[in-house]
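One chain, chain A, links the two complexes that follow: it is found with chain B in the first and with chain C in the second.
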Partner chain A sequence: MNATVTVPEKSGLAGLNPLSKIAAVLPAMLFVALTTDVWSPLAIAGLALVVLMGVGRISPMRLARALGPVALVVLGFLLLYPLVVRRELVAGTPVFLDLGWAVIHEAALELGLTAGLRIFAFVALTMIFNLTTDAHDFARALVQQARVPYRVGYAAMAALRFAPLLRHELSVIRAAHRLRGLGEAGSLRDRLDMLWRTAVPLLASAIRRAERAALAMDGRAFGAYPTRTHLRRMTFTGRDVAFVAGFWLLTALLVIALAQLGLLGPLAFVQRV
Partner chain B sequence: MIHVEDLTVRYPGRKEPALSRVNLTLRDDETVLLLGPSGCGKSTLALALSGLIPNSLDVQFSGRVLIDGVDTREADIATLSRRVGVVFQDPDAQFVMLDVESEMAFALENLRMPPAEIDRRIDDALSAANMTDRRYDKVWQLSGGQKQRVALAALLAMHPQVIVFDEPTANLDPAGARDVFAQIAALKRAGQHTLVIIEHRLDAIMHLVDRVVVMGEQGRIVADGAPQHVFDDCFGELRRLGVWMPQVSALAHRLGARPAPITLDEAHESWRARVSQFAFEQTTRAPTPGKTPGRAPGKTPGKAPGKAPGKICSTQESPAVHVHQLTYRYPSRVALERVDLSVPRHDFLAIVGANGAGKTTLAGCMAGVLTPPVGTVFINGADVATLSPQALARQVGFVFQNPEHQFVTDTVADELRFSLRRSDLPRAEIERRVEAMLARFRLDRYAGVNPFTLSHGEKRRLSVATMLMRDQEILILDEPTFGQDQHTAGELMAMLRALHAEGRTIVIITHDMALAAEHACHVAVMGEGRMLDCGPTRDVFARADTLAQARLDLPPLARLAQRLGFNALTVEDFYAVTQGAALNMAQGVS
Partner chain C sequence: MQLNSVDQPTLKRAARSRWSTRELLTAAVLAMAFAVLLVPFTYLYAAVLSLGILARSALTGLFFMPAAFAAYTLRKPGAVIFVSLVSGLVAIPFTPYGLLVLGIGALTGAIGEAACWLVTRYRHFSLARIVGLSFVAGLVEFLLVLFSLRVSQIEPLILVAAIALSVLGFVVVGVVARLLADAVARTGALNNTALGRERERYV
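Entry: the complex of A and B
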């Protein structure tokens, strides 16, 4: 009977060491943070999407669900930026649209688009880690390779389990309070009161949960010794090296190509808005 | 062997100790049932037996606990965890990892075992728990019963000698509880462990128990001995304390049977011969369906036993609650599918079903916690979907499973006043109602106290009271007896019966079938979002296949009656039946 269960195989990005995924995307993230033009973040976001779908085998549907909200943020930047941007930054450029109460310059649109795309590229890069990494693998890699003390790594693991439980409890408390008519008047004082009244039982329950979890962990010898053994070892394999090197290379090629084509704007830590 | 000597434990910030000078010896390989009213220190003792008190909790501790001669204060947690394991009540709170294998490996890794040894132990423990094929499952994919089995398997992989079960089935439905009890029975059969069990569904485990220890206030040992001795000789004392007892014992006591049987098997054995003749007569006479379960005379004023309200599924005269083809979807799943239900005025209805059957969603739609689609749920003829929250709140009260969730003020009296803050009643009238409600629910001495500091039973009473301030006609309660001892649970049910007798409509959600059998006029059975059956309690309980489909069990006494060959659901049913047949159960079979 035991023979029927096999360890589920992890393929593509999920099979990599979580730390190598972080290492791979870091230079690209730094680059995105420094860019001031539209094309650079666009190119990096494209690279991230290609890797996610090609190597990670993430379906376009799942990607759309994960990145959809960020795409809305880009749109938001595009619409709002021209209205709040500092006049002298865009004054010399052609007028795109004159609304009467506001004049929208082309440069303002470009600035808005750049800001939005940088965020989009940033989030797309984090998805290479987020969408393909098992929380356990990350904790193991932190403890085994990054030498994070296991008490910290695994306590964080346990805390991670609380989030959905507390979120559920919060929704129940909110429903209970609504039923009693708390906050129905909608005045500011009522709303503040409601926030406080929600926090009390939620906090009480979180403390109780934490205490119980701590007891359950101690009861299973957590922290008994300074180190622990590991049933599953995380390793750096040839695949990890290939992935990191490949991603760095592609990032570098993109930067060079952008520069050659004259699409790369000046790099800066802070953009003046 | 575990020696507890003069153990006194006091939690910081408390005046009274949780345990005061407790002495107890547990022998190797015995199975001990630990009983006591809520707040008596059972869980504290469980933590002390495992050494988690005083090593992991900051408490005042005196006396000592010796495990095989080792003082728990001097042992480290690695040693202790290899000797004593605890299965806790809440399956979600005791998990650290997200999948079964990692969870199983957690303790063994902490004990620095080599990976090959860990792998072997996980294999053995999972196959003993019959969970081998679940090794790579995520924890959230498991049912409550399976979670508890994994929790137990994870402990067994450490090879402890002693296992303490602290209310392992309290959060589980009947199927989950059955799962856990089967594992405890297997452990008992293997005979290699000392088992300490804190539990209140006693009939399912009494045949496993060698010894019963009953604790009173501050852990004072009130009774200690063989089950026969404790439940027979100390019956009055136990009832006074308000501890849960096997229903078979309660029945034997009511019937005056001595020596009193403790387990279902013993009861069957000792009464079989006497009942067989009578059962033959009853079956030839045929039972009367539709009859309300018999009740103790005088216990329900204004409601003669046997006078049943009209059949529930028909929609004659405007019902209090009418549900018509209700389908309710959460973003991720369909919770209710084309549910029909009609609750007549003045009914006492129990909605029963396994966890996830849709009971709470259905009740939520009735009380306006959730918004049902237009045209599906009606309260006194008005559509819940279009009724204003205030209008609905005047007619329906809803008591959540955890009373704390509903508290919104800083004192008990303010909780009651808050319910009337949008009403146009004069101030004097509001105060009069608050006074009356405080008195009725025996909360008057707590009027100025913070609701969060009340005991569990008091919190529950307060949450019921807040839902009656507007004189609501319909009261819906989600698991009203959850986490309470027999005394406070009984008290609450008596209050609900009094409210019912006043003419209110009471709806309870529960998976405690004994509770439904004892109190409900009608029962609605739900399974996987559908209404599987509904009707008079006795009729529904007679349809074994629907109950099985809903993953529910008959209550212990109903099962006993079935084995004896007649129909009875409660102690009073049995009493009425045996009185009617002039059966004398008083002398046991020697």
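Entry: the complex of A and C
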């Protein structure tokens, strides 16, 4: 028997195999990890945003919500990284700000901006995967294309199904605590106590549910055969090849353009000083 | 069946490395439960990441919690890396970082697994061993991750403080995970795991 359900055709990035989205962004991520200048991460982040809005049809509002917290991280790096930078690295450059207890040099500011932008570019690249991929599809692709043992993949998928159950359980436990007059959180100690009192019953009930599910699965001969059939088939088609090749090409062109314009700084995993 | 011809140690070793459905599901759902408990902290983490390297170092250990818990309760080769990977996978939709969480999970898992093998050999889980395991994991994780944050640019004094904070964070989390596992074991939910079986022997 080889019955499969036809999955409704998804458009744009959502229709691609999750693994091809990861393969597409990996070289760009490696490049970002190696950069030491401001412009390269900025350009890569720009590429990711253009692909997300152009190919993925993600609305700018949704993008802003997803990347907002990370933009704050960049700001934080810009403000605080200069305070921990080694002084002899930046001592030769003009002073940007003298606070009395700390002097901020222009080079230190630039280093902070680069560190922050690198993280921003990383996250922008992963959004190509995140905003367009269902975690179940990812687990399916891992089993069907990446040859992960299906017992492992299906255990992970079963765990995903537990998410709403466990969140419900969490609210029930909290309600039970409030009923006994334990709900009001005050000091940090109270909060930690509460986290502990919530964690123990949540973990206990999660494990009991897992054992029941495992018995049910064993009862249906889960894992009895080395291979199995799949209800939903993940595919790896010409569209995936085109997307991966296209993204690699765009990344390469961007790197060449940066080098031609003289904006590309030295590349290094560990920066020599 | 040639079961009789297999000697006892071989059987024991086989039982240690083979995964039953129950163990697979227990590990995966443990990861999910920790994701539900820890997701608020990933937002906190996003906030403190901008507060600099020291705050970041102090919090990183939290993501070692599922790994330490799994190492102590399941005591199986592969448990640490499996639980870390699944907790990364299931956290993808809920965190501001997405796929990066899976990367961090893979890294923490691989380091934790190696440290677990090195320190405990999946057999000895005294408090001292848990401290040792967490210490090794914290140190290696710091060295690997922070190289990508351009360690060489940072003041040596602050760097040393960051290493100390990071390792301390891992050790505290490892000890808390052990206490938590013992507390959960007292409810009886862990009776079918290696930890539960060990406790039964002493009752």
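Here is the rule we use: the second predicted complex is superposed on the first by the 224 of 273 C-alpha atoms of A that agree within 3 Å, B and C clash if a C-alpha of one lies under 4 Å from a C-alpha of the other, contacts with A are read in each partner's own complex, and residues count from 1 in each chain.
The rule we apply is simple: a contact is a pair of C-beta atoms (placed from the backbone, for glycine too) under 8 Å apart; a residue touches a chain by one contact, two chains touch by 3 or more.
From a predicted model like this one, the values you see are computed outputs, not experimental measurements.
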Partner chain in contact with A:80 - chain B first, chain C second, else both or neither: second
Chain B versus chain C as contact partner of A:199, first or second or both or neither: second
First (chain B), second (chain C), both or neither touched by A:224: first
Which partner reaches more residues of chain A (counting touched residues only), chain B or chain C: C
Touching partner for A:170 - first (chain B), second (chain C), both, neither: second
First, second, both or neither for A:181, with chain B first and chain C second: first
Which of chain B and chain C A:214 touches, first, second, both or neither: both
Contacts of A:136 with chain B and chain C, given as first, second, both or neither: first
Partner chain(s) touched by A:261 [first = chain B, second = chain C, both, neither]: neither
Set of chain A residues, in rising order, touched by both chain B and chain C: 135, 158, 160, 200-201, 204-205, 209, 213-215, 217-218, 222-223
Footprint of chain A on chain C - complex, ascending: 19-22, 24-33, 35-37, 43, 46-47, 49-53, 82, 85-86, 89-90, 92-93, 96-100, 147-156, 158, 180, 183-184, 187-190, 192
Interfacial residue positions of chain A with respect to chain C in the complex: 22, 33, 36, 66, 69-70, 72-77, 79-81, 83-87, 89, 111, 115-116, 119, 122-123, 126-127, 129-130, 135, 138-139, 151-152, 155-156, 158-160, 162-163, 166-167, 170, 195-196, 198-211, 213-215, 217-218, 222-223, 269-273
Sites on chain A touched by chain B in the complex: 1-2, 4-5, 7-8, 135-136, 154, 157-158, 160-161, 165, 172-173, 175-182, 184, 197, 200-201, 204-205, 209, 212-225, 227-233
List of chain B residues in touch with chain A within their complex: 47, 50, 52, 55-57, 76-78, 81-82, 85-86, 88, 90, 92-99, 101-102, 105-115, 118-119, 122-123, 127, 132-133, 135-136, 154-155, 158, 364, 367-370, 389-390, 393, 398, 400, 402, 404-408, 418-419, 421-422, 452, 466
